[in-house]
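Take a look at these structures.
What follows is a pair of complexes built around chain A, which joins chain B in one and chain C in the other.
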Partner chain A sequence: MIVVHPSDASTPPAPRAEALRRNRFTRFGFFFLGLAIFYAPFALLGRLVGWIFPASMPGTWVPDVHTNCMRMPVGWLAQPWMWGWMGNNPLYFTPIILLPIAAVAAGPLFCGWLCPAGSFPEFLGRIVPDRFKWDFKGMVEITSVRYGFLVGFLIVPFVAASVCCSFCNFTWMQNTVSALFGNVAPWLYISTTGVLTIVIWIFLLGMFTKGGRGWCLFLCPAGSLMSLASGVTSRFKWLPRVRHDATSCASCSNCEDVCPVRAIDVSKPHESPGAAPMPQVKVNQLLCNVCLDCVRGCPRGCLRYGRAQ
Partner chain B sequence: MRSRRAGKLLWFAATVAIVFAVGSYRQFTQTGESVHFALNYPAEGQSAGGLGARGADGYLVVDVARTGLIKKILQPNVINLSTHWLHNAGDTPRRIRVSAEGFGYPIRWESTDKTWNEEQLEIGRTLDPGEDVTVDLFVTLPRPLPPGDVLASGDIVVHDADTGDRLTVFPVRIVRGAAAAAEAGDCCAP
Partner chain C sequence: MSISRNKLLSFGGAAGAIGIAAAVARVACPGGCPTCTQCATHVVSAAGSTLAVGAALGGSYLAKKRSSDRSDDT
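After this line comes the complex of A and B, so read on.
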């Protein structure tokens, strides 16, 4: 966690609405890029890896999001007898090795930019007024719940049934894309866990949660793993992360307000007895998904993505 | 500070507990809806397959009493039997065809294999020894569900698509209640 003491400043200026809108629009473009890379009928990554490693991924597979599953390999981390199985498909290493390494190098950019299943409810949530949304910040210890889920996800197969495939938002994102391309069959079968997944992912923790990223925060093991890798290594100042520069901060809380994953805390000076005499801006690197909305939305340019100075 | 730390620990422990509770609920429903099973060919008796990835009961019993609450309300009559492990356990490459016999209700089949022929219920290519394919069945029972303990009973049969030989006959019973499930297990056991 990075703590910065900003200086005093005058009246908070208006947020940089245009830059923020542009950033969100760009991320919306990346949403479609993510669909093309990971989801059928395109599944470009699955096709590419199938072409490079034809023995491990037979051409008879119809590649879709399950070809590059983001959940099972995380669960298998706790199941050594499955490690050999992972060799069957090089893409199984994506969520447990490739993306965490990328997260160490540059933050969990996948989550903020390239994950359609994560950004879909966020973008849908833009049509719901904020007054109809709940904000988990202050209500729950988001970091504890996030990593509590990750630990539970890893060990629950040893004591009960796995919650990996039955509560998979990637599957329902794929089913949604498939339906748009004419295959509605997956929607014709109703399962209890399927309905729960859709309701929680799209509505409860999506459209009606401030930021729209409740599922990513609380129920995505791959995202948690990437954020863990990014957060733990964020103390190395030479690694690029979202950093706060105190010199001209007005502690206007715009960054806190626009953050989809509720990763920023702005506390005003002497907000409560015993509080710091100066305002503080904290970017929780264990939650941040490097979407850069805060960077673009800061009216004074106090937040930036890069090395610490 | 100490109470904040205790609060964090409490949230963490509560979340782990909730995941366990959800996992237990899923364990309860996994023989009632979206039932996953293993199916081997050529095989007979217990080696034909069973519940789960490594099932070796030689039969499959689906208990609709273990259907989850939401499904029970919205669509209790459509049962999904799914195998990711339709497994060539022999030492000969084969082309296979599948069929369902004796259920008496409509069944829709699906496979993710690119060579799947939906009309013939055939995998169009030759499957090597040790190779797995995914096949899903959706059994549509009448709504409301039929009375009695045994709602449907039949066999999933794997055929050699070239010779027509029956490679595996795998009994499936769809029942209501634990007693009926135990009884069905007894009756199906090879």
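After this line comes the complex of A and C, so read on.
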């Protein structure tokens, strides 16, 4: 194995553009798989659960994204008086039990690969040049605001209020898919919060935010819960996460640049006195959604998805 | 490991801002259910929540900027 020491790297290596493009293209394929699984007119998961449990909500409703709601069950975690509702629909356990357990086992793969509502603004954002975008990294404490919102989301029911349904990006993803399949009625039902949701989700925190995942970062309780589960367990070295090996890292910052959730910090060894001799690349596991763009794009192969060595 | 003041402020600001916005919406909503999107007073809820998100991000930005200005001075 050839080990390139950072000091040997006089010019930054070129990113592996082809591998990165292929990864993004594959994720784009998963976007359609996510639509088929969760969103009407297909809603395959809802149909399957409705077929297995005919008396449950997915069996008695026409399944769509609401059958596998990702927001209300998270809010109900702090509302014992709502727990009875859980019995109506086995899919209500998906965002609060199944996906957090999956995130512990393998990272929040759902967010990086299978959630159309999260990747839609990210993909749309590729048509907007970066110079027109906000980059929240360095501007705000992303992690703190993210989890502050989650706590706020959980405590609002105690002032007899809720922000579950009024600001729901999943509903607007469903409305968009329905409109594409000929049912435009939901899209034409324009409400104040609906308009604001679209503006914030698609534009302000989507296409005009670097990475396109501002909504995921700041306003999605389900994503925050999965990332929390993944982040706090990431110190167990045997659990697969995105890991960095500094041996051959060139501090090129390509990984930092391509990360949709702004989870990577690269500090060059000479930046601060007393810094470690190797470049420091920190992957914030409380933000990373395991999309693997950084892994595929790293020109030196220093990032990988797996156990810590 | 210490948690920085900025992080605490940003965390508390985001949590508090959403809580306050939702409480305002609760008071403004005549039906007592600020989760629906059907009544006109929902404008209050929507504006409140949007301002809350803006305030949380803006507050975090200012806290971070102030502390980086301070560290530049020293």
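By definition in this document, the second predicted complex is superposed on the first by the 286 of 309 C-alpha atoms of A that agree within 3 Å, B and C clash if a C-alpha of one lies under 4 Å from a C-alpha of the other, contacts with A are read in each partner's own complex, and residues count from 1 in each chain.
Please note the rule applied: contacts are C-beta pairs under 8 Å (C-beta built on N, C-alpha and C of every residue); 3 or more make two chains touch, one makes a residue touch a chain.
On a predicted model such as this, the values are computed, not experimentally measured, just so you know.
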Clash or fit (per the criteria above) of chain B with chain C on chain A: clash
Chain B versus chain C as contact partner of A:Gly152, first or second or both or neither: both
Partner chain(s) touched by A:Ile200 [first = chain B, second = chain C, both, neither]: second
Contacts of A:Asn183 with chain B and chain C, given as first, second, both or neither: neither
Partner chain(s) touched by A:Ser248 [first = chain B, second = chain C, both, neither]: neither
First (chain B), second (chain C), both or neither touched by A:Ser267: neither
Which of chain B and chain C A:Met139 touches, first, second, both or neither: second
Partner chain(s) touched by A:Thr233 [first = chain B, second = chain C, both, neither]: neither
Which of chain B and chain C A:Gln79 touches, first, second, both or neither: neither
Interface residues of chain A shared between complexes with chain B and chain C: 140-141, 143-145, 147-149, 151-153, 155-156, 159-163, 166-167, 191-193, 196, 218
In the complex with chain A, residue positions of chain C that touch it: 6-19, 21-23, 25-26, 32, 34-38, 42-43, 45-47, 49-50, 53, 56-57, 60-61, 63-64
Chain A to chain C touching residues, read off their complex: 136, 138-141, 143-149, 151-153, 155-156, 159-167, 191-194, 196, 200, 218-219
Footprint of chain B on chain A - complex, ascending: 59-62, 64, 140-141, 143-145, 147-149, 151-153, 155-157, 159-163, 166-167, 185, 189-193, 195-196, 218
Residues of chain B defined as touching chain A within the complex: 7-20, 22-24, 26-27, 29-30, 33-34, 67-72, 74-75, 78, 80, 110, 112-115, 125, 138
